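See the structures that follow.
You will see two complexes here that share subunit A, one where it goes with subunit B and one where it goes with subunit C.
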Partner chain A sequence: MSATLPEPAVATTIRTPIGEFWRRFRRQRVALIAGLIILLIILAAVFAPFVAPFEPATPDYDNILEGSSALHWLGTDAYGRDVLSRIIWGGRVSLMVGFLSVALGAGVGVAIGLISGFFGGWVDGVLMRLMDVLLAFPGIILAIGVVALLGPGIDNVIYAIAVFSVPVFSRLVRGSTLALKQTLYVQAARSIGVKAPLLMLRHILPGAMPGVIVYASLRLGTSILTAASLSFIGLGARPPSAEWGAMLSDGRSYLGVADHLTIFPGLAIFVIVLAFNLFGDGLRDALDQKLR
Partner chain B sequence: MTSTSNLPPGPAPLIDIEGLRVSFPAEGGPVEVIHNLDLTLRAGETLALVGESGSGKSVTSLAITRLIDYAGGSLTGGTIAFTDKTGHTRDLTRLSQEAMRGIRGPEIAMIFQEPMTSLNPVLRVGAQIAEAIMLHQGMDEAAATAEAARLLGRVRIADPARQLRRYPFELSGGMRQRVMIALALSCRPRLLIADEPTTALDVTVQAQVLRLLRTLQQETGMGMIFITHDMGVVAEIADRVAVMRLGRKVEEGDVESIFANPRHPYTQALLAAVPRLGALAGEPLPRAFDIAGVVSQPQNTVRHDVGPVLAVESLVTRFPVRRNFRLRARIHAVEQVSLSVQPGETLALVGESGCGKSTTGRSIIRLEQPEGGRIHLDGADITHLTGTTEARLHRDVQFVFQDPFASLNPRLTVGFSIAEPMLTHNIARGAEAERRVQALLREVGLTPEHAQRYPHEMSGGQRQRVCIARALASSPKVIIADEAVAALDVSIRAQVVNLLMELQSRLGLAMLFISHDMAVVERVSHRVAVMYLGQIVEIGPRQAVFNFPAHAYTKKLLAAVPIPDPTQRHRVMELDESEVPSPLRALSDPPIVAPLIKVGPHHFVARHSVGGSY
Partner chain C sequence: MLAYLIRRLAGTIPVLVAVSIFVFGFVHALPGDPARLEAGPEASPADIEAIRKDMGLDGPIWQQYLRWADNTLHGKLGRSTKTRQQVAAVIGERFLPTLWLTLVAMAWSTVAGIGIGVFSGIRRGRWQDRAGMVLAISGVSFPGFWLGLLMIDLFSVRLGWLPTSGYGTWQHFVMPAFCLGIGVAAVMARFTRSAFVEVSQEDYVRTARMKGVSDSAVAWKHTLRNALIPVITLTGLQFGFLLGGAIVIETVFSWPGLGRLLVDSVSFRDYPVIQAEIMLFSLEFVLINLLVDLLYAAANPEIRLK
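Coming up: the complex of A and B.
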């Protein structure tokens, strides 16, 4: 190598993509707080048996429709069940529905998007028209339709919500795949002889993942909301299991008599949906930049 | 305002920069990228700002126009005294952005490297020029349009009235750059800053644009700061030269003395690394660059005792142009191309953008699907890909792309990228693959520690070495290098060219070297094939083609190469202003492929005219 013309020194500290992401995400105060709230809710739901002051389903007919008190912080419902405990236990249902339905929807959607974008042609045509059909239904109607088909119950709600997450994820991933397919490094991998499945999984999918992660976090909020809506109209969780939408629905009969029955579950839904949305926005800002 | 620089006595300077300092914010506090820079320029004079990437030459131009404020940087010291049309001298570092808007355009105009991104794609070029004229000269629309047409005529665009109604995408690169120049000149600036204006252009177009700029400068008497990394361009256009390195001016002087007698070691090294066309006119074999005083020897690596390792016969690649699902026309990217490469031989494929040289390379490794022709690898027909022939093709023929950063997956370590061909072809796995990656990194002049890095943690030259290491990983027989050194700085380019040549002599590689840079081609190749409009118009031993070009297009191509010697500037350039015709043809109008006629030993040339639709 030439002694007179050394190449200019480049940054010596090794910067990993994850480190870079964290450095940028740390600066987003709101998203950090949202993430903290989500973490708290998840912890509370996971450790519900230890956190919740009362059994969620045990009635107490001596304390019916009571307001907030030192014993029952958020009051009791028509059967004397502790609202706070039911919200904590209900978080398990809502979070499970959210995470499972998004995971299922994203998994299927990503696969369809990858295949569709990578192979193009008639494969792309058929898959995308199918997605168009799904997209044409309003989400909640589609979910009602699926639940009506499969019957009510929390597992069917998960499938229903997953179905209407599939087209958005597949569109998102198809778009990234089309762009990434044209990049020089994918062409380089092709010229080496890397086969299609590995090309998709090793070279294209990681590039599409930031978008998927961001959208999944935003989608979690929507899915929890949809699950609550389905439960509210009686298609989701069955009594006596505590679920926020179902609690809202039960409390509806006591509006004006015991407002805390609707306010607190409503607040819980509001807080978690908002937290997921803010967290997702922060993720997007932190992940959106090019790896540089 | 007296300058500290070694400016000969004369009229007051147009711009006088003293002690300029520019900083950019960074994590550990601001980083100074321009250190105490002094520059002076008089009206009618051209100052070339020369340096490699990261030398601060573009930042300097942004500082003068104060566009640096928008790029996140800040001026932390020094003065920029600029004398405007009315004779007032002002310090640009102290003006508000409001006042700068009155300076940028009417007083200081800029042209950039990428004429496509500098023009608004959704506005007709006429509207864009007229807008600038209306804004700065207060003309009404009709007068501004007439003025725009006059300006296009002035930058030698034929039929300006018709061209005004076209959109930027309808124009070729050279035309767009001329539109940009017309736009910059629309306000009759006193100072024109040209930032690598010809780097993205083909050599013949570059020669046209450079000559145009020189003529226009003589007509208007404006001062020009010309930023470039290309010493050949400097020799063509500059009166004075300032050499920059790492934010400092290391040397300044008039162009003749800089070239004849460079004093600073960096300038000397820079000039030594510049490939000079004609340097090997008396030498039939390729020879590596002399770096750091090491005199290279001619390399005789070609094996003639065996058949060609790669042979292409009548390769045809066309791209259909469809409208409303019907085939309307075809782009004849590669038309009946035949070539062969012996083991240890480098065949250069030269020509200008759009001539089909890259498509030829890409068709061989099937990044494009050829329509016809045969491809033989080591005697075996691999025209029709089956599982085994496909694996063989991808193992034995490797490709090196122009942009090393884009061709490495940013999410994988370079070690993995290098190992990937071995994993794909089951050559080595696990610890064995790791050991081979380390050996390959050493082979291309890097260290085994580099395997852990990500592409963005390396410099451009290092990345291209990584790409070469990856290309070697499957022990290929042929390497197709598609403009593999075009994106690199001159000194790095010389190193990478030498590396390729060293690897060829050690491993007996055959190389298809696709390039537009005739001076580099002269260094590396045994034989040269000149492509024009998808066809090979001349092919033969390098010395024969360069010393006795037989085809008119080869002559034109060689004449357009800028010579890094200012004393040869006023040589007669027989350039025509015509554009390269388009390879897009109607279905009923297939191109005529002229047969190659022998004009010397192994030297063949196509017999047809150039410039027309033959």
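Coming up: the complex of A and C.
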């Protein structure tokens, strides 16, 4: 890892960890395509004002519940709003919820895992029992509990999803920390007097990162799906919002009349979740041979 | 085995106590005074005090907790703020539909998931394996509630084969149980496949093959048996996933179960019901995992005898 030991003089090209990762990841065709799709969706969401053909919230009562046409590619909803534009704008909400909740959950989880694994003893005992309690609530129920406490709304959904990501990350990082603590380079760093915080952040954390990255990618899919589910049952983003789950909850009333209101937002959720899952699978195969 | 059983049971109790403190603390963290809420807008301060006492909300917090825990253990869960009914009665009514739905979903998804996983494992690297795994990763990523809406559209609205919602006959179960189980089936398939592939590289499988045991006997008797041990553990976790999924799926199909009750309660801020439900869901989840661990120990002597 970061410690540079003298290499035996063999005539092989020395690869950097990133180079080695890229060499392996490049072979994961499916994951590459998934990554490309994710990138496209992110770009479309970021540049929504330029990409979306219509305003997402402007009604047009002359064209309500229309199917696909040259003008409205994915049709219009009950207020005549362009479905494609709403999906593009809604991507902002879904991606934001996904990234923020995973970043928050991973941040807290990684910190807990590092501390727990590094210090061991009663600190480890207390923290891990706390994580056990969080894991004793089935994921989405914990999220609903948090929403019930804080009130419905998309920002509270972010906290809710972050809370149930924490134990997963902390367990993962604790496991790697326990293993890495015993490695020669960490022992060596400790023996020359490197202080605990630096030891954790500089020497142990990088070793634990591959697992965190893989999990974060898989978790992104789950988080987006959970957020959409919460919005669908009315506890997340509320209907005027173009969040995909909220759009589905809207479109539900027009089943059999205007199916495109159900088909396309759901397809958007499916595609992004699938892309994150495939990407995460590819990352796992490229980063960690053991997890295969 | 008995020693293990006792140890494992003893380990469950602190978790349940912690969960109950969590759930109790949850209602106390809420803004507003439950006694005032219960009393209604026209109650006098004396009335509110009486109700507070009646609800067990007087005295130091640890006393309140102990009283609440005692009441909960005796099934006294208070009244719903919305309907004024006893919470225990409301939940009792909704319990069976959810239990049946999750059991049916669990049953089909376990059988299908393990089946697809083994099939893919046997045909590893061939197109059948790829097809199985594409199906599995799509299943993991499929929003169950979206599938529900699409199925309602096709089978109820267009073809008129199945009822859109409700509870009662087997037809009512088809779509909700299918949508609820699809994610679990997919996870099971992926996990079974990798467990199967791992076991099939073990020495004893090679030995069996070498001494001329037929392919199907190797697959079913030598490999699957051992591959299924880790799969048992997964079943417990997946059950929690099903309980969560039921909340959304019940909303799609207007299923008269606990999930829809929870969603309604959250919208109405019916805290006694929310509290009882979250406690019940966690209890169920913890118990299922206990059961699974015991099954696991029964199947795997290494754990039992440690």
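What we mean here is this: the second predicted complex is superposed on the first by the 274 of 292 C-alpha atoms of A that agree within 3 Å, B and C clash if a C-alpha of one lies under 4 Å from a C-alpha of the other, contacts with A are read in each partner's own complex, and residues count from 1 in each chain.
The working rule: contacts are C-beta pairs under 8 Å (C-beta built on N, C-alpha and C of every residue); 3 or more make two chains touch, one makes a residue touch a chain.
None of these values were measured; they are calculated from a predicted model.
In the superposed pair of complexes, A:137 makes contact with subunit C only, with no contact to subunit B. Touching more residues of subunit A than its counterpart among subunit B and subunit C is C. Judged by the touch definition given at the top, the superposed model places A:184 against subunit B, while subunit C stays out of reach. Of the two partner chains placed by the overlay, neither subunit B nor subunit C lies in contact with A:71.
When the two complexes are overlaid on their common chain A, residue A:126 makes contact with neither subunit B nor subunit C.
Once the two complexes are laid over each other on the shared chain, residue contacts for A:235 go to subunit C alone; subunit B is not touched. Common to the subunit B and subunit C contact sets on subunit A are residues 292. In the complex of the two chains, the subunit C residues touching subunit A come out as 14-16, 18-19, 22, 26, 29-30, 137-138, 140-143, 145-146, 149-150, 152-153, 157-158, 194, 240-241, 243-245, 247-248, 251-252, 262-263, 265-267, 269, 271, 274, 278, 281-282, 285-286. Remark: subunit B residues 52, 54, 246, 265-266, 268-270, 273, 291-292, 365, 367, 390-391, 393-395, 398-399, 401, 403, 406-412, 420-421, 424-425, 445, 452-454, 456-459, 461-462, 467, 470, 474, 491-492, 494-495 touch subunit A in the complex.
Contact residues of subunit A toward subunit B in the complex are 1-5, 7-8, 10-11, 14-17, 183-185, 187-195, 198, 202-203, 206-207, 291-292. Considering their complex, residues 129-130, 132-133, 136-141, 144-145, 147-149, 152, 221, 225, 228-229, 232-235, 248, 251-252, 255-256, 259, 262-263, 266, 269-270, 273-274, 277-278, 281, 292 of subunit A touch subunit C.
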